[in-house]
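A, B, C and D are the chain letters, set down in written order, and residue numbers restart from 1 in every chain.
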Amino acid sequence: MKKHLSKWIALVLAIALLLSVNSAMAESGKKTLTIGDSVTFATLEPFQSTSITGVAYNCLYENLASKAATGEVIGYIAKSWEKTGDLTYNVELYDYVYDSAGNHITAKDVEYCYTKMLGVANALYYASCVATGEYTVDLTLKDDTMGGIENPLMTVPIVSQAEYEKSSDFMASNPVSTSHYIVSDYTSGSSISFIKNENYWQKDESLIAPVSRANYDEVKFISILEASQMKIALETGVVDAIENMSSTQVTEFLDGGAKADKFQTVDISSGMTVLINLFLSGVESSAFHDDVNLRKAVAYAIDRNGVAMGATNGLGRACTVFGSDYSGDAPDYYEAEGGWLPYNPTLAKEYLAQSNYVPGTKLRLLAEVNTSRAAQVIETYLNAIGISVDISTPDSAVYHANYNDPNTYDFAICLSGFDYNSTYWYKQYRDVGRGYSRHGWVDPELHAAVANINTVQGHTQENINKVGKMFDERVYGIPLYNQYLYYTTNRALQYTDFNWTVTGYLALWACTTK
Amino acid sequence: MLKYFAKRILWMIPIVICVALLIFSLMRLIPGDPARMLVSRDATEEEYLNKRVELGLDEPFLTQLGKFLTDTFLHFDFGKSYMTKTSISRDIGPRMVRTMELGLLAAAFAMITGILLGITAATHVKKWQDSLCMIIALVGISMPAFWAALLLIMLFSVKLQLLPPSGIGGIQYYILPAISVGLYGTATFARQIRSSMLDVIGSDYVTTARSKGLTEREVIYKHALPNALIPTITIIGGFLGQMFGGSIVIETIFSIPGMGLYLITGINNRDYPVVQTCVILLSIIFCIAMLLVDLAYAMVDPRIKARYASSKVKRNK
Amino acid sequence: MSANEEMIRRLAKDRLAMLGLLIFVAEIIVAVFAPLIAPSDPFAMDFTSMLSAPSSAHLMGCDEMGRDIFSRIIYGTRYSLGLGISVVVVSTIAGTIIGAIVGYFGGVADAVIMRIMDVFQSIPSLLQSVVISVVLGTGFFNTLLALSIHRTVGSARLLRGSIMGMRHMEYLEAADALNCSKLRTILKHVLPNSFTPMIVYATAGIASAIMSASTLSFIGLGIIAPTPEWGAMISSSRNYFIEYPHTVLFPGLAIAITVFALSVLGDGLRDALDPKLKN
Amino acid sequence: MNSKDQSAPFLEVKDLEVFYSAGKQKVQAVNGVSFSLQKGRSLGLVGETGAGKTTIAKAILRILPHASATVKNGQILLNGTNLLSLSEERMRDIRGNEIAMIFQDPMTALNPILRVGNQITEAILHHSSMTKAEAEKHAMEMLEMVGIPAERFGEYPHQFSGGMKQRVVIAIALACNPALLLADEPTTALDVTIQAQVLHMIAGLKEKLGTSMILITHDMGVVASSCDDVAIVYAGQIVEYGTLEQIFDHPSHPYTRGLFNAIPSMNIDQEYLEPIDGLPPDPTHLPEGCYFSPRCKYAAEACKTGNMPVITTADGHLCRCCQYNLVAKDEKK
């Protein structure tokens, strides 16, 4: 038996060696950084929605403008810009911008990139971009929404047109850009590795924007989809940092937690706000259609702190305003300590009595897998005052389809990120193009008000309060809580000199190492 | 015999086309709309409709079907993924290799451990080795692959920190996934080999072998085992089916970008071309694997090979 | 009836199969009387004891929503066993009908249906269930359908095989000679004799149906949270099974024990029904 | 039980007892068998199925299944050495080399997935130091000897008929020129015409190679055509032992008589054959005294107790029966 056993084991080892695809990367003396992310890195193509490459997108491509440490928008590839017409700006580029293959970036390339991006990405704020000189372009906005010129300047990737058209798969696997980092190794669906671009075009250190600083020689992004695997990878040292650990896992890594000695965690939700909302459906088939009492009953019946506690183990902050507390432009007239429509079950019962809700009818609550805990907590609060709920948590594709058809639900939980309340109200309550808002509310007066405060001149505190009051009467939606967004890294990293509130993400590669 | 297998390969073509038809129509029945997944949640109706036109989803069902069939089967062009707009055939190549490697390793693990368990059980009937091996086999059958994966990760990656918990790289990344997928196979092999070994050990030609004065080991490994292995070849087919299915779950847990993960991401994003390509390729690989199993069965057992040969001879007259 | 007594006597002698039968019956009782047995309501949330380890209050601890895992596992037997048995029942009936028609009448019907079955069998079983389950959506009956299709093809093919084998047997020709109607022949002669392989295939079927159902739930299809299905329970606590292993350990054990019992029972039945006894 | 021994017997079996344990019961297959065999002679072991004939042969070759069979006592002396006391390793040198065995059902006696030639060379290579080529040449000679064209060396067992397969089995057995050939009902599974050829061929080879043989059968015709001595076996005991002529001319044990009466004889046209009534005893609990007594016409009180004496009959062969003189009186012939 033994002679045979050894033969079998030898066979297994032979097969194993035969299959070993690529040997582990040699650990050179250089400073390396490995970041775990839950995106699939399916393609590195410049003109795409950023969810495919996540934070790594900022290592791949640069934009015309960037954010300074102070938060002010500064020119990067563009030297400066000034308003020349009602909606047009003339942007002047630096004339010494080169990509890693040595191509000289000119206005023609910028025009090409902006036109290409228009055909691909969505929800952009500019209408067109035309080259006027060797290093000047005219950028025309779609309308005078808030944030005007800054957004287009900071979202479009800049690559050389010649290089892009030369690449067989449109730079999906071998991007060439002006970035401070060059892609050294890429396995689709698994990992991207960068090395520092030694002859980076911006030689003047003082002009390099915080995000574009390259303080590590090698940076590697690894795709880990399974949340528990992400945590294990951090603990076993496979990765140095991970983003957005789930609330139940992160408690150990917070200060004072069991693992706080070896790891550190920072909450960057002040920069990148993730708001969880309960939107009521306004179509005829919805129970909330012209029944403001029921809407108010539901608003008062839900203790937003309880929901935050239940859904995120206490690692979330209940909304006290109609919108996110972190955003600067919130109505400022709430006097009561609980802020907007504070939790008051008795008042909720009164409103419920006045509403035409028939006890026993089940209100259809639509939620996603990652918001199902919040839905289950809301169900208990509504059951407490006598409203019964039927939760459905379909997979994300079905959720997307149902969420966009208000007839399929009475109310829906939606998780979304955003910067300012005004832009957020505008998106959620504007007229979608057929006389009613996204959730089916027909309210021309509100549509107009929300559109107005989203413009540069309409964005005043007085207008915001006016709109705030309109929401208080209508209660079309109930903002629930802000979920804290964490970055967890091992103690070797430090990032105090990087202002993430400004960029909304933590560019670890740009932080000075210890 | 080649004529028989040629016929079977030819017969595979209509089957694969039917599979393509089936999956194409099933995808159109699936709730949820790819265009809706691509535009942001706050997009306007008009942006959504443009996206539908861009993806060609607004054309009538039959035109889409016609275009799909001609592309796939005439030009062998699987088209572009909705999500990443990259060509699928380029993306799916390395992924198919990874899934096949995982499958090969899982099959090797399952067969080697299965044969070892089966032989020890069969050669020590009614002794403690027999019941021990069969208990291990029963445990192997009853443990769900995903649960086994989680436990293995907990033990080997977290507690002992011997093996990497996820990702791809050298062979050590494939060991835990292969074991979780192969566990079910180990159990089926062990039980099958034990029962066929017991049949074979009782048969006359084993007694003849013993009467020749061969050592017990030679009798078992030279005469009994080869005959016992033949029926086990058929269950390799069943095991491969289960393995292809299982890879969907295991690749998600271990973040191995193989066909399973590509398919599941495709389904979640309603990426029709990706799902269609994965299902078609998986069923082709599965059919070929089953064919190879039958081929192996015929090659190994002269009696069956003769039957094919004779059928061929008869036809020539 | 002596053949059946003989079979039962042989089955009773197989201690492992008896253990399997015992566990199976115990689980059915637990499933039926779940409300009486379960210490607390499986859906009741108690935020104070979120993810608490097994304690006297909660025998198997609590899950991420503070629900008692022990009662959820007890209620879970309804879904897992219920699904397993109903999948087998549905697919055996459907398989028998198709198999009988195809097997006995043969000719065009046989060729067409066999080719359709080839198409279904050329797609791996779990892959098939995943795709169909995505089409139908989640929930008990949709999962039941998704899992039954593959098993129906299997049992139909099995029955067709045994019918084809028996068609040339004398007693069937004798039945034709007495010009009994085709249906009566099938019901009276063919089915009872192909009864044995179907029974063995069915018991093994319950085990693999439970396994596939829990796998489907694990990837978010099939039966999903908040329903206390074992696979879904593992899936919803897979993000923190390292810190709180009890949330994954107990549901997994429940699946393993059920599938173990059914496989052992299936083996016992096969050996008891199959005259060629293996020692 | 040994007949007149001119020289030291080539093979001697003394008081061999073997039983099988199946679950709690003990099957007493062989209950004190003794006989001896001269070099070059062939002994026929005759008896109904289940009488323990095959067990005796397997005991000699020591290939009884370890798990269930146990040799309670007895000796098997081959040229003086007791095979039962040999080490397994030493016994293996004898198996296939000095003692060989042919089995009953040729259809399953050959390994279906090994070429016929290789199954012969395997035995040769194992026991001799020949090179592979020499072994193959010798194997082809063996095939020719058993009447199979050498070209079929590379074919598989399923390409041979029953008779041809039995010839291959014989070729395998005689490949190493064994001193003793144990043939366990070699022709029972074959039809009559093939049976005669195979028996004739075995007899020829026996002469040519001088092999002594123990032929196990329940067919008196086969014994008559191939054996020198005969031992009648009943319920694990030899009830009558003698030369062919002695047994055929003067069957003296009632069971032997019964066997002969059960065969239709060519010259007398009999309406009814006389079957031996009753069934062979249940080996798990054998009757007291003479095992044949329940079915014996001459059974008397004495037969029921103690073990039967072995007496020498008139013409000098042995018979285990206490009513011998009664039986001898009404000898039919």
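The working rule: a residue touches a chain if its C-beta (ideal position, glycine included) is under 8 Å from a C-beta of that chain, and two chains touch if they have at least 3 such contacts.
These numbers come from a predicted model, not from an experiment.
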- line: Common contacts of subunit B and subunit D, by label, are none
Message: Using only alpha carbons, which chain's centroid is the nearest to the whole structure's centroid?
response: B
- request: Return the chain pair with more inter-chain C-beta contacts, choosing between B-C and A-C.
  value: B-C
- line: Per mean C-alpha coordinates, the chain lying farthest from subunit B is D
Statement: Here the gap between subunit B and subunit C, centre to centre from mean Cα coordinates and rounded to Å, is 22
- line: Whole-angstrom distance, CA centroid of subunit A to CA centroid of subunit C, is 44
Between subunit C and subunit D, centroid-to-centroid distance (C-alpha), Å: 54
Statement: Chain-centre distance (mean CA atoms) for subunit A and subunit D, in whole Å, is 90
Field: Where subunit A touches two or more other chains at once, by residue number
entry: 226, 228, 232, 394-395, 398
Field: Numbers and ranges of subunit B residues touching at least 2 other chains
entry: 30-31, 125-126, 150, 158, 252-253
Field: Chain-to-chain touches, reported pairwise for every pair that qualifies
entry: A-B, A-C, B-C, B-D
Field: Contacting residues of subunit C [partner subunit B, same complex]
entry: 115-116, 118-119, 122-127, 130-132, 134-135, 137, 207, 211, 214-215, 218-219, 231, 234, 238, 241-242, 245, 248, 252, 255-260, 263-264, 278-279
Task: In the complex, go through subunit D and note every residue touching subunit B.
output: 61, 63, 67, 92-97, 100-101, 103, 105, 108-114, 122-123, 126-127, 156, 158-159, 169, 172-173
- line: Note: in the complex, subunit C contacts subunit A through residues 45, 47, 50-51, 64-65, 134, 137-138, 220-221, 224-226, 238-243
Message: Residue numbers of subunit A touching subunit C in their complex, please.
response: 226-228, 231-232, 246, 248-249, 252, 309-310, 313, 369, 372-373, 376-377, 380, 391, 393-395, 398
Complex contacts: residues of subunit B adjacent to subunit C: 12, 14-16, 18-19, 22-23, 26, 29-31, 125-126, 138-139, 141-147, 150-151, 154, 158, 195, 198-199, 241-242, 244-246, 248-249, 252-253, 263-264, 267, 275, 279, 282-283, 286-287
